[in-house]
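Pasting a structure here, questions to come.
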Amino acid sequence: AELQARFDAIIEADQRIEPRDWMPEAYRKTLIRQISQHAHSEIIGMQPEGNWISRAPSLKRKAILMAKVQDEAGHGLYLYSAAQTLGISRDEMTEQLITSRARYSSIFNYPTPTWADMGAIGWLVDGAAICNQVPLCRASYGPYGRAMVRICKEESFHQRQGFEILLELSQGTPEQHEMAQDAVNRWYWPSLMMFGPPDDESPNSAQSMAWKIKRFSNDELRQRFVGMLVPQAEVLGLTLPDPNLRWNDETGQWDMSEIDWTEFNEVLAGRGPANAQRIQHRREAHEQGAWVREAAAAYAEKQAAKQRQAA
Amino acid sequence: SPDVAEYAMRLGDDALILSQRLGWWISRAPELEEDMALGNIALDLLGHARSLLHYAGTATGRSEDDLAYWRDEHEFRCAWLFEQPNGDFAHTIARGLIAAIYMQELYTALSASTDASLAAIAAKSVKEVAYHRDHAVQWTLRLAGGTEESRARMLVALTDTWPYIDELFRDDELHERLGDAAPLPSSLRAGFDEIWSAVLAEAEIAEADFVNPKIGQSSGGGRFGNHSTHLGPLLAEMQVLARRHPGATW
Amino acid sequence: SPDVAEYAMRLGDDALILSQRLGWWISRAPELEEDMALGNIALDLLGHARSLLHYAGTATGRSEDDLAYWRDEHEFRCAWLFEQPNGDFAHTIARGLIAAIYMQELYTALSASTDASLAAIAAKSVKEVAYHRDHAVQWTLRLAGGTEESRARMLVALTDTWPYIDELFRDDELHERLGDAAPLPSSLRAGFDEIWSAVLAEAEIAEADFVNPKIGQSSGGGRFGNHSTHLGPLLAEMQVLARRHPGATW
Amino acid sequence: AELQARFDAIIEADQRIEPRDWMPEAYRKTLIRQISQHAHSEIIGMQPEGNWISRAPSLKRKAILMAKVQDEAGHGLYLYSAAQTLGISRDEMTEQLITSRARYSSIFNYPTPTWADMGAIGWLVDGAAICNQVPLCRASYGPYGRAMVRICKEESFHQRQGFEILLELSQGTPEQHEMAQDAVNRWYWPSLMMFGPPDDESPNSAQSMAWKIKRFSNDELRQRFVGMLVPQAEVLGLTLPDPNLRWNDETGQWDMSEIDWTEFNEVLAGRGPANAQRIQHRREAHEQGAWVREAAAAYAEKQAAKQRQAA
């Protein structure tokens, strides 16, 4: 009870919980779930874009894309490290991922059939991720908050690069313009769904907000995101695929079409286009690398034994 | 001069094609740290390729992208080593080891080129290549000294990759014409052999452990546009989008 | 009619893409007999693809090669199953098993099409597909009932391939418009399920042995030009030479 | 001695030795070496052409090429079977191949960088193979001779297809024509070398001719081959890359430039362009297929056991 009181006080004072601090079991579990899910999303998120590294249409774009996908591996690493401070191992998390016991962001279950998807993912998916993540930089758990600071900085760089890809395409040949519009059409709604179900149907949110892991509601974040997109779409010369989208002076909100959650729920239930492919890819990489990890461990062990002998 | 351009193109193609191969590993490496490390190496090499191809293109008014995307297979000048498939992780390491030892010798010598641009590119690249070499050496030691399986795989990888060493060190008329603008490939061989032997020795590998006595050094032919059968499909994939949209910018 | 052409294109693309995948195995199969068997299946499928694409093209004055080599990815109409990579031999067998059971149901029904050309192509193809099915069934039994390793691999292959079944049996507006010219895909499902279940039962495999409960049937999208990420690189390689020489004949 | 006399009589009468017949050990060994080398050549020979199946420029050509490469697998199979009648197993021969203890035709150590190579291999390499092989249809060892009858029939079909590919290219666009000429330039000399060293430097030939395994000398066959090529090259509109090639009425022979055996010897010594690649490809296919072959064997064994139990 005393511990609980101290924990509550830290949270109340907007200070940070550190790995050595006592924390309620539910808090720890929530964090592990959220951080590892976030890490898995970075790792699975390497695939849809990794798919275009070999075909990037200019060497400059190839370099930028390679660096981006590599950054995602880095984000995965920080986040796994943050989760490890809560007492779960990377192996355990990997195992949960490849056996589908842990989730990752559903957005990565869509394929990337064209180069313009590299732009749309950067602009819309990374954009939505940033809106979700910027508040997490102040998350009450220290290692998570600090990882997010670093990640957010890189993500906004990625978003700008996505925007640039789309701008170049939109102003390019008619075929390129069409490619860009098509990608925005395909990614717009899924990116809005990244903020999760409407507030009145989101059961976990209240507790997370009380714990200051989460600081804004799903709908608040979605509104903020749309508000950011509208002027940018104008600059791009691309249309957001919602005929009902307009600013409502009275409510001080963006009016928009009702989101059709049917598809989202299908993807979430494992019936998106690429769910199976994503897990297969990750599992194969993991399993085909097993002998390498074993070799590295065996070698390290031998080296350590030699050093002990020498000492 | 056209000779310097041709020379820069050879080096640029080596770096470009190896980078293209390594890019495949990003999202497929044995551990996340390797997704990052191999990605880093691929990025460095792509940077070298861009500098070299940009420079090579100035002679004929072509951009780095003109050279990367609009040349056909027989116009590429990479050596066979760099075209070899990734294979398993051991094959990638064996290829990377040979490539990095070679490149470090090359860029070290090329830093003293009388051609200021080549010298500058080489001086910048040599630092990065030192990291690539260290990465490959460390993994060679780990795989050779790890488990029985990893050692066996490392030896097979050396068997398959070793035949592509000689091509890197063959002098031809271009080198003679270049004079002090570039080192003779053959002059780099002693330095290569020294490091190569030292790494194998530390990994406790003798040449007899992996050399198939019936298979010698490949005659290759990449410097003259004669490539292994692996390059064609690589280029088909690399160039497909750019070629689908002639004249477009990205 | 354009509807019949669109329908023929779907079937032709399924056969063409699967044939392209299988062709890779020639010179790489586990034994010479399989180089020949997989090569035979690939050849049969290529034959079906040519008949179907030839017929599909008559509506718009395009040849089989126009359709195979000059359409872009979003213009292809194959289902995701056929685009899946070869993987190991077990993945190739799992994909082949689903494909062959499906095709046999389909061609059997299509032999009664009111469209004489479709009926004729189907009647010819159904005999060959019977052999393909037999081949896949025999290997499914061998792998499932062989060694521990082969059984484990077969189960993994089924896990990875099973999600692409549903797409094959989805009706859409095209089928409604076709009427008696083509069977409704959904009408083939019962026949498929019967054979599929019988094969799994004989192999002593339960669905729970391979189905990941968190992953359902892929929504696919190939019939409308939305493809998995595997199709793009396949087309890049398949089309590269033809596109390099527009207007040439071979 | 009686056995030897009977053997000699069969050979003398141009009749056939069959597997059950007695034969001198040297004859058996020579045949095993030759037939397995021939089988290996078919199997390795699948690679240079197999490389173009995925990229064949029309569906018709793709079908023809696929069928051809598949035929080569079939030839390999007949020949391995013929060799097996002499008391060597397929596993043993495969092992010899992938460890480079057995040879295959050096011609397959060249790469196939262009589609025109499919034509040149058919016209020149298969053409040379036919000149070598037609006499083998009368080889004194029965299973070998019969295998060769079947193989030769298919090979001449392949040669005609190669000729057609070149004809189409030669009469096509200037780029296609150049592609065809370039391929002929690269394959002409290596195909002449397929007949082996000049007669005065060919040590094994005499014995093989006495045993009627071989029926014409290397140089005789080479002359015959060139005589066949010259008129065909004219039809093709392509040039054979030998400025000194002309008919000599006095000698009744084709005059030609001296063959430069340096490169041939390099390739033979393992230093051709693709020697390493060919063996690596075959070894990987063999090793990666091991678990499949083991599964098939285990399954067959279990089925046999069930049948025995049922009986």
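Order of writing sets the labels: A, B, C and D. Residues in every chain begin at 1.
Everything that follows uses one rule, which is that a residue touches a chain if its C-beta (ideal position, glycine included) is under 8 Å from a C-beta of that chain, and two chains touch if they have at least 3 such contacts.
Owing to the predicted nature of the structure, the values given are computational and were not obtained by experimental measurement.
Looking at subunit A and subunit C, the chains that touch each of them are B. Look at where the CA atoms of subunit B average out and do the same for subunit C: the two points lie 39 Å apart. Mean C-alpha position of subunit A lies 35 Å from that of subunit B.
Per-chain Cα centroids separate subunit A from subunit D by 57 Å. Each of the following residues of subunit B touches two or more other chains: 232-233, 236-237, 240.
Counting partner chains per residue, subunit A shows two or more touched chains at residues 47, 54-55. Viewed as a network of touching protein chains, the structure does not reduce to a path, ring, star or complete graph. Inter-chain contacts occur between A-B, A-C, B-C, B-D, C-D. Of all the residues in subunit B, the ones that touch subunit D in their complex are 73-74, 80, 159-160, 163-164, 212-221, 226-229, 232-233, 236.
The touching residues of subunit B, counted against subunit A in their complex, run 16, 20, 23-24, 26-36, 39-40, 42-43, 46-47, 49-50, 53, 64-65, 68-69, 88-89, 141-143, 145-147, 149-150, 153, 237-238, 240-242, 245, 247-250.
For subunit A in complex with subunit B, the touching residues are 43, 46-47, 50, 53-63, 66-67, 69-70, 73-74, 76-77, 80, 115, 165, 168-169, 172-173, 175-176, 281, 284-285, 288-300, 302.
Interface of subunit A with subunit C (complex): residues 47-48, 51, 54-55, 99-101, 111-114, 266-267, 269-277, 279-280.
Those residues of subunit B that touch subunit C in the complex are listed here as 72, 232-233, 235-237, 240, 243-244.
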